[in-house]
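Encoded as structure tokens, the structure appears first; notes follow it.
We just call them A, B, C, D, E, F, G and H in the order they show up, numbering each chain from 1.
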């Protein structure tokens, strides 16, 4: 199971992958997470891959993604073709237009929602995580919540959990 | 409507990769104004830089001959450039880590030599590009990714240091003082010897957030509220000046330029009969 | 009474702007407001809402980190009111 | 806090961390109490973790003005009782070369991490590579031997770092920890052991005043402040440490001993892993991140019926020539997947007479299993 | 004074000078007009002569604050129209490694002289060695090729320096001039040629704006100030010079081209000298100072009736593998006298299946003829 | 009759290899007196040095733990030493080329950090050991082996520079002012933070002969005749001070020492419950 | 009249001295003279010819680059002349 | 023909060899000159070898010396055994004691003579050159004088020639 999170730096792309990977491990699976970003800390495109398997993972580079998450247009354009047939596309509908791209796709206004609900665009990624999990049921929600608490600063933990739960409820 | 100054930039790669609110962009902006107002043909400029966010101001954004060197070595490379191209404006723009951290020795030696380079050091108080490690200009006690319990080292006063090293023009301004900075950049470019401006600049991503200033504008307000004119500091105590940005001109001296000295030697041999 | 009209034009290059709010916050007369909607790159760009307040001080143009603000000072067009 | 208290808190913990971080934890387990470094992608995470954790074991993290100062401070600390390390990547590693030679010459135990990124020069700073394998061996001037290790997983990054410190103490030599940016930046599960189950090679310190630079193949150390007034120099020296920069014999004796202490223990230092080599016709040799898809490829080729064996090098230098020589005799072809244009494959050529095929990939992306399978299959089918 | 006037004064002169000085004169003949350096034994004489002579040809000598700055200034000068060089020895050469990679990556023509002294580290600063032969190839991080030359006499130090500059221009690559302290400091007779008899490879400068970093295997150069606003970077770049630090293809394309431009011209770059190889049973391979007593030994062995052949390597890198492979097939044993613990002998091992015997000598004193004769005779008598 | 102070030296290698009349010997001599008068046990001293004639003062002559490092890096190595051995006197003695040339960056950064090192820079205005090449302290116009037509660069004022970098104790004396120098060395050793003395010293072989002073004594007389007290220089013009040796104390400041800051952080974790 | 005698003893360690003349030249009262003959290492070493002129200022001891000058100040031995 | 000049740094040892080597070349021979010195510019022992042959010189290290010139005791002790049987020893009698060492040896008070005749110890080496040549007649005196003029600063040329001629006359 290969999942790719993509967008600009600063959108919490990498954090999403880390949370997801650790949640998978909490669920008793093997996981590796890798990331890549442009050379400036923020501006460039950024991606984060998570590979989840039951057995030892020899393959370090996903050869196709089962799930693609897109938080920016350039990232979407760059990576859309990595989506496997029957793969699922998740994207922020304010930031990405998929036009004629054909796939099983799901979208929400995560960034706008985050800003308006929680006062910070930063929570968009966690809302998206909830949304993805509600659609895919890949990992149980408790493991993801535990993982969120592990990785976000404790003073923001509750807000993040709320964001996650908000995402879980979206359609 | 496009900004006319974009003609000075490599526009195909815009918008910049700088974070939103980053001071590097402001430095780039003001520098374009300066080149425009001084009517310098960019073909007569050679930009030299190192590695870091600030180094991206010239490389790749400003459109002139550009030498993007290794980390910390811009001034060393620029020295070779200036010796061979004494009539060009050889301009170095790079960061605090690059020019005063790893590159500190080249900085003070170039200042000593008084070689005709123009150096704009963008001091964002941090190693920005690598994600926020302490730099030689990070104030004491500030937490960074490599000083999680607060910085144990005092910060350089770079303008003062470069002045002590012998530079013929030295100033410090912040990205808030756009008009002073513009004027200083002009003076620096027109000065014949080694010219140096320390530009205090905001880095919301890697520095600001560490000191409770999440957005670029927060640091700009800090610059606005806590800058103090060098001329007014006489007699002030160190404590009073803590966390202040002392701005102004630190040195303006008449000294012969290094490459001119070299050429004077060569001229002696022009007259030697064969 | 004589009024100066269209003395200054203000343009924001939305393709460059990164919504840092610096121009909004540092314009003393408060010419700009924040847009309501994200632009395609995920930013709320400034809108020059009160152009007539503009003093032409040029700060916004000089300080914008993206060269996204353009202040055009036209020849004065004076009209008798 | 004491190191024991600190480690007892870590014990049996499972974390999802990067290879860089695992290396740092490994160092803390090994007793590292001094780190001097300079930030650089993709090695900064080692420094950042050390900055956070070292004070907890009463150790010291310092960030220096550059990499040259970092390795200098590290060597100074080592002679002052520190178990010391630094971490960098290609550009910084190049800058450290002069003082790596100094560490060899003064027989200073210390660990230098190079998280390899895509070079030469600034290259692709955020992308991984294995391009410094031969630089680790030959980067500093003059004849010298080197110890270098390369882990293939995050857990191994932890485990092998213990080994790195132990080797540095045992052989009184700097040890290069050749992470690649791939293993350095991957996040995987790591489980920390109980400190009591971990084997630490203590520094061989002599209480008495003895010759610290000779007299035996690996002389004991003395620490500054013991009152022995020792003299440590990167110039050619006699066994008591005093310079002798004119006599041929002094140099010959010193340098041959320094080389010999590694060379003669080659087989003991050499660590590797073998799979399916009993009945093999072809051999795959790999290491570091490349060893992962290589092993995946070997499994796949076996499924397809090819008699492929696998040698994973863990110790890179001194080179595991004995096993390579031996295996080389059994096969017609050796394939060497590396994230470079063929570096270890060159070393292999010295010891075998069969054909050696580099399976090179550069540009920051690890090999996929299929790429390796394809390369091997298309070569093998030629016969 | 113009370069022509200056050189016409030198023409046909006979001098009794050191190899270092001959190298400097060679550079002046080649059109070198920029030298940046930092003093170090045994290379300072190159700098001192350049400091004295360069102003006479309207060139510039500058002494920088260290070796890193020296190579930096040199590269900056090269892009500003300079034919530039620097000279150093082991410790400084180690410090230059990062920017040697930069010069490769940016395809900067320039010459770096390394007058090798006895290392590692400070070693025996005033004594000669050939200990940096492999460092010259692998000292900087990341995959790269290198051109390196090594003269065996003072006259050759002059002649080969011309070649060094020509190769650097032709292949747009830094060239390492691997003097050893022995040849560098020996005084011998040198005769200067007439400048008109000397072949200078001019820099390939494009008047039009073209891609300076690709489009063909060795693209033309552009000089700063031509108005083309070029972008030169040590990061991975496209053929127009602009950074591309994320795409695998960009890196693969650039680095393979950089390697290929040397590798595919290996035989053209490779210079060597053969003696008595027609009927040989044993082969001696040597270079630099060691080649002198080696040739003496070959003559003596021939007198004694041994069928010994001799290959003197002049080009060290890229390695003359074609001739070595060919000669290796004809003999049972190859002997390699070197002033190190066996460096070029390792490279030879990659290409031959006969036995390769290093004839190592370290500690600053050149081999004597008898030492080499003895080593070879005692090995040969075993059969 | 033997000098009692020889007990501080590694006597089996005496006489020194310094040239006749070299100031390095005088520095060594006075340093022995200082250690003796301060009653410091040499076992509590760790000497760190670089490469150059001046570096031979500690390596090999002074008998204490000695770390003879690579050229220019003494202060970097000493930093690691001091962090691990904060209670020892960590003393660096090396040359102008070593500490202010190639090693200039380590010098200014150590001064900034205010790490408790004592640094004696022996400024002989030349690269002595390598045979007389120009150094960053060689005065303008002086001919050296690499400036045959006269030095084209101005010289560093090292004491002033190190002071601007933040050192807590800075002085300059010449080998002629033996009593002042002895006193300053004591002050420097006793000061807790970064202490620095620039010692102007004669090098008849590689420098003196270039400026018409063939013997050590000639340069000493120059020091005698052309030294001027820092306190008397206020208001004097640059031209008046040319070719003068400005001697005296340049800085004495109270700042916390770097390794103490580090240990304060560690102490916080002493109290953490397991 | 009371004279101080043997107040000060001066030793030159000939094995260390390199004949640089610094002590000779900088001793203000001029206590030293140059020896007539080279020593075995090729130097003319100083000879304390006018011991009685010595003021005990210690300059020679402190400044000698070879630690070759030793000034011993004994307790004062006063004698009546 | 191998000639070795030895002494302390600063005594002009190397200059002697260079002058001799160039003189040999002026005489139509092949010559190489090598030198070695301790690591400080002055204090240490220093030696300078000159190899003179009619044919091309392959041997870079003299395997034994036909002539040894000693200007200091330590240098003499260190190198005396390099003298070939029937080799000639030249030394400064003020600085070197040869005691029981057996060889064909010649000595003068070169240093004292130089100081007293020419005011500078530096001329000792040139006096010695003259002395050697008067004893060995290896190279014609004109070539040596030409070589001296080539290598010493012109303002000292005449004094050096006088020193050489003085040496030629000594016994």
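Following the convention adopted for this analysis, a residue touches a chain if its C-beta (ideal position, glycine included) is under 8 Å from a C-beta of that chain, and two chains touch if they have at least 3 such contacts.
What you see is a predicted model; the values in this text were computed from it and never measured.
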What is the shortest path, in steps, from chain B to chain C when you may only step between chains that touch? 1
Which of F-G and G-H has more C-beta pairs touching across its chains: F-G
Tell me, please, which chain's centre (mean of its C-alpha atoms) is farthest from the centre of chain A? G
Gap in Å, rounded to a whole number, between the CA centres of chain E and chain A: 53
Can you give the whole-Å distance between the Cα centres of chain A and chain B? 39
Determine the centre-to-centre distance between chain C and chain E, using the mean Cα coordinates as centres, and give it in whole Å. 61
At least two other chains touched by the same residue of chain H: list those residues. 36, 38-39, 44
Touching two or more other chains - residues of chain B: 15-16, 18-20, 70, 102, 104-105, 109, 131, 136, 149, 262, 265, 268
Among the residues of chain D, pick out those that touch two or more other chains and give their numbers. 55, 65-66, 68, 91, 98, 102, 121-122, 125-127, 233-235, 243, 245-246, 364-365
Partner chain A, residues of chain C touching it in the complex: 38, 40-42
If we count contacts the way the header does, which residues on chain D are in touch with chain B in the complex? 38-41, 44, 47-48, 51-52, 55, 61, 63, 65-67, 91, 121-122
Show which residues of chain F lie in contact with chain E when the two form their complex. 51, 70-72, 101-102, 104, 127, 130-131, 133-134, 136, 145-149
Parts of chain D lying in touch with chain E, wherever the complex brings them together: 68, 90-91, 93-95, 97-98, 101-102, 104-106, 116, 118-127, 129, 131-132, 134-135, 137-144, 233-236, 245-252, 255-256, 259, 340-341, 343, 346, 349-350, 353, 362-365
Which of the residues in chain G come into contact with chain F in the complex? 11, 13, 15-16, 18-22, 25-26, 41, 43, 59, 61-70
